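Each of the two complexes below includes chain A, the first together with chain B, the second together with chain C.
Let's turn to the complex of A and B:
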């Protein structure tokens, strides 16, 4: 015997966490993963209610949600590839030039921390220290 | 516990505030980011939420007689905690590749919860589709992008405090609705999922009756149809006698008894129709009887023959939806290829 509200609560928490990530993260891929997190919460709700009513309709709905999520993943990856080719980054902030009229641009005031490359691994005596590639720290975006 | 903390509304509000502050601290930012403080606040928030759930709704898994099933509860809490903690990791990880791995663990944890909900096929499908395909596809895109060092997209967050307040406020509202929506006198019927209690004799009776109803609907001849209807009635009469009483204490048995009792008016309609000798009315009542019987068959086999029954449901009731889902997949594939394969035009 299983209690329904516990599963609904876990579904709600997953949905809320996904909401936070989708609203505030800037990497396209993280945003997409957060949207999938929200879908997981929804599927959990559907399955719990299906079990509650003792029927398989909830599971059928869950299967369709997975189908739609797979379509979404394929299309999203294609879009991210195109956006990456154009902007050379996965930052959604780079595309704020297409914001609505009357909305002010987001300006970054704080500098990013300096990049400290990892130390190269310890090599045996006969080894040669590999060349470290040139590091370019990205400038903050200005609209 | 002080009395003010025992109030469920106080617990919810406290958990929302602590959780929002915790996630806001943990989200990647150039300056104010405190991993230890954020973790502490989040642990406190989820601890309070767990206390709220246990105090308000009891333990998640119960034995037939209403006592707590320790092993079942432990399994539920392990999977629930795993999905929530890795979910936080997906949101706050700086490195998106680590976020993707954390998301794979969220999928594995929710798949454990799917198994607890008697959905083994969906569990396998989710693991294959998400952990197998989607995560790998996104790791592939991440490898292409190859970001080194701090960058705008990974180390900056848009409105961390407002965003996490929105998310946790939403969680708080949903849990508040759950709190208000379930009856405060927890007599164990409204909030618990029915366990499936169908004896083998019941299952055989339902199968026999279903077979006769199907056979009766398949033939045109009125007399033969009448004969099959009579045999179905006999089989169901045995089932109605042996079914548990509705006043039983086990919620699962109660639900099953109510389901079986809901056959009674249908049977009465059927016998009326056969007495009055009207083939049309007989056929009509047989069709409605077949619907309830197929539901009962599905219930009897919910945990055991999950794949077979899910397939039956998909290719009977959801046939149009299955076709549309297939079309959607095809269209999405064509669209993805059309979008991603454009090379010359994209640079022009």
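Let's turn to the complex of A and C:
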């Protein structure tokens, strides 16, 4: 029998994973996904309590949160886009320059792993040996 | 607005001319025409002198009241205080005007040569022009605030000229001292002006104000307060005890300045003020006796100090203080005998003193010029062969100052002594005080003759001694400096005799001034005595001749051989006392200046303390910020961690509480 503590445990695990991810990752997208993960942990909590009490309040709140999360996702993505355009990077550590004057930098930002484009982006023409495109290692992702 | 060709119009033009001269001289300085800067000053003074002398001669004869008024519009008007540009020319102011411009002309001629090649040539003549203008304004102003304006103007010019060599610390200090000490007196003057303004029915024109006070006399105490306040101003400006200390120090300025401002004209402003407000003093015999007493104290004190000074200019400075004391003694007699005699004696002495003291100062300037700016009488001597003209004119000045018979100083000093003697015999309740002061005045007259001739003999007699600062070419001064000396010497010789004893002209002339009548009227009202008139007294002339001969003779016996001075053992302490100016400066330094400096230092320390306290308080936010600033490190993760930790603490508290 799946009882309330099981749901709560899953919710707590989701929240914890999201939290750890949010604190430890520097890529904006990943951080955002982690934040979503935490949010979903909370939603699971609400649903579990709604079911436990036998009311629809929990589900109603869950729906609200999903809606708000959708909006938030739109906003966050738009923000990331703007930041990327400015700095050609999604590394949140790059923005530590906005710190207070006179405070030394906390992170030594190192380059992200090189981005290797997909070797075969399109399907080869039938009956022909596919051409191997030259593998080039591009500049690091961040400018 | 008066017609320009009437006597009044000419007088006003004479007042305005020096201002034009001042501006033109300043312009010369601006246009880099430094060498021409003396021309506007000399020309404007000379034309002003011509105009005012012409008016004086035109109006000299006659019996009618001499009193001309001009009103040139409003200066300012606030509530009940209405201050017009109002001028009044009567016998006293006309005489002062002519005297000031005449002497200023010759001193300017002397200066043109004396100051030749000086860096601040244009500045010198410009300020001198401003000075003469202010002085003329002072003597012709009918409005009491206009008079104060002139009064402050001459004070300012005195400050600027004493501090002419402003790069020299002693000159700067002397200028500051002169300004601050006279300022003490000016506080009294301003209070007095407002008091008489209030008592005089809120009139600001002196004639109406005085008339109002004489017609509606206030209480004795109020009148005495007002008179003493006005006298306080005069004490400051005319260097009377206890505020005389600035005048000897003012000798730091160029010598012609000492001659013009600190001997002949500005320092007599106090005497003029008291003459102008004589009816008020006539109503208050108590104030008069204080004036006489202060004058007597000053005269004796300064004469005593002058006895042992080695600096020729300082001897003359103390003698000026002493002679001003004589004038105040004369003015104070108005309380016991008629004010007309008192005013006549004081102003007459003022006039003669202006001539011979300007002459003496210019003579000392001439000596200084030849001796390479050395003025210490121990360093030179026997100059009568080197500088014959200076010697002769200086001798005439000295004789006049000493009161040698028939010279100008003799007649005027005689008049003051006579007035004092009469006051001692009058029915006044203070007669015995006047007798005491008469004795003081006689002693002072004797001392005057002595110290004047001590200085004369030490400078011009004995072995010829020339300081090495003169670089071996000690010579008689150029002609431009000798002409003023000769003119002033003629004045010192003649002005006394021509003006009073033979013709009685000045006495009659003064009778025509309304202020003298008003004063006599007030005197009658206050004392129920009938005012008399001045008469020449042979006894008095004999006494003063004896005093003069005694002083001159004693000096001749002691100093005929010139320096160095030999002081008998018994006189040493007295000589030290005199040489050190009775330690008055030291006394003021210890009792007034030191506590003030102490208080100032304390205030400064306290100010520093308050300032550092404020800085300390302003440091607290910076300190807190310095602690918190590293938190703002620009990392999103760090902020998130902060939130999480905060949440964790919050939850821990909630959980722990719920389990308790």
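As a convention for this text, the second predicted complex is superposed on the first by the 100 of 143 C-alpha atoms of A that agree within 3 Å, B and C clash if a C-alpha of one lies under 4 Å from a C-alpha of the other, contacts with A are read in each partner's own complex, and residues count from 1 in each chain.
Methods note: a contact is a pair of C-beta atoms (placed from the backbone, for glycine too) under 8 Å apart; a residue touches a chain by one contact, two chains touch by 3 or more.
The shown structure was predicted, so the numbers you read here are calculated from the model rather than taken from an experiment.
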Touched chain A residues, chain B compared with chain C: B
Touched partner set for A:19, first chain B, second chain C, both or neither: both
Which superposed partner A:103 touches (first chain B, second chain C, both, neither): second
Which of chain B and chain C A:93 touches, first, second, both or neither: both
Chain C-contacting residues of chain A that also contact chain B: 19, 23-24, 26, 92-93, 106
Touch list for chain A against partner chain C, complex: 19, 22-24, 26, 31, 92-93, 95-100, 102-103, 105-107
Contacting residues of chain B [partner chain A, same complex]: 23, 27, 29-31, 49, 53, 56-64, 69, 72, 76, 80, 83-84, 87-88, 90-91, 93, 96, 99-100, 103, 106-107, 110, 113-114, 116-119, 121-122, 125-126, 129-130, 133-134, 137-138, 141-142, 144-145, 147-160, 162-164, 166-168, 170-171, 174-175, 178, 182, 191-196, 251-252, 255, 259, 295, 298-299, 302, 306, 309-310, 313-314, 317-318, 321, 325, 328-329, 331-333, 335-337, 339-340, 342, 346-347
Residues of chain A defined as touching chain B within the complex: 1-10, 12-21, 23-30, 32-34, 36-37, 40, 43-44, 47-48, 50-52, 54-57, 59-60, 62-64, 66-75, 77-82, 84-86, 89-94, 106, 108, 110-115, 117, 133, 135, 137-138, 140-141
Residue ranges of chain C in contact with chain A within the complex: 629-630, 632-638, 640-641, 644
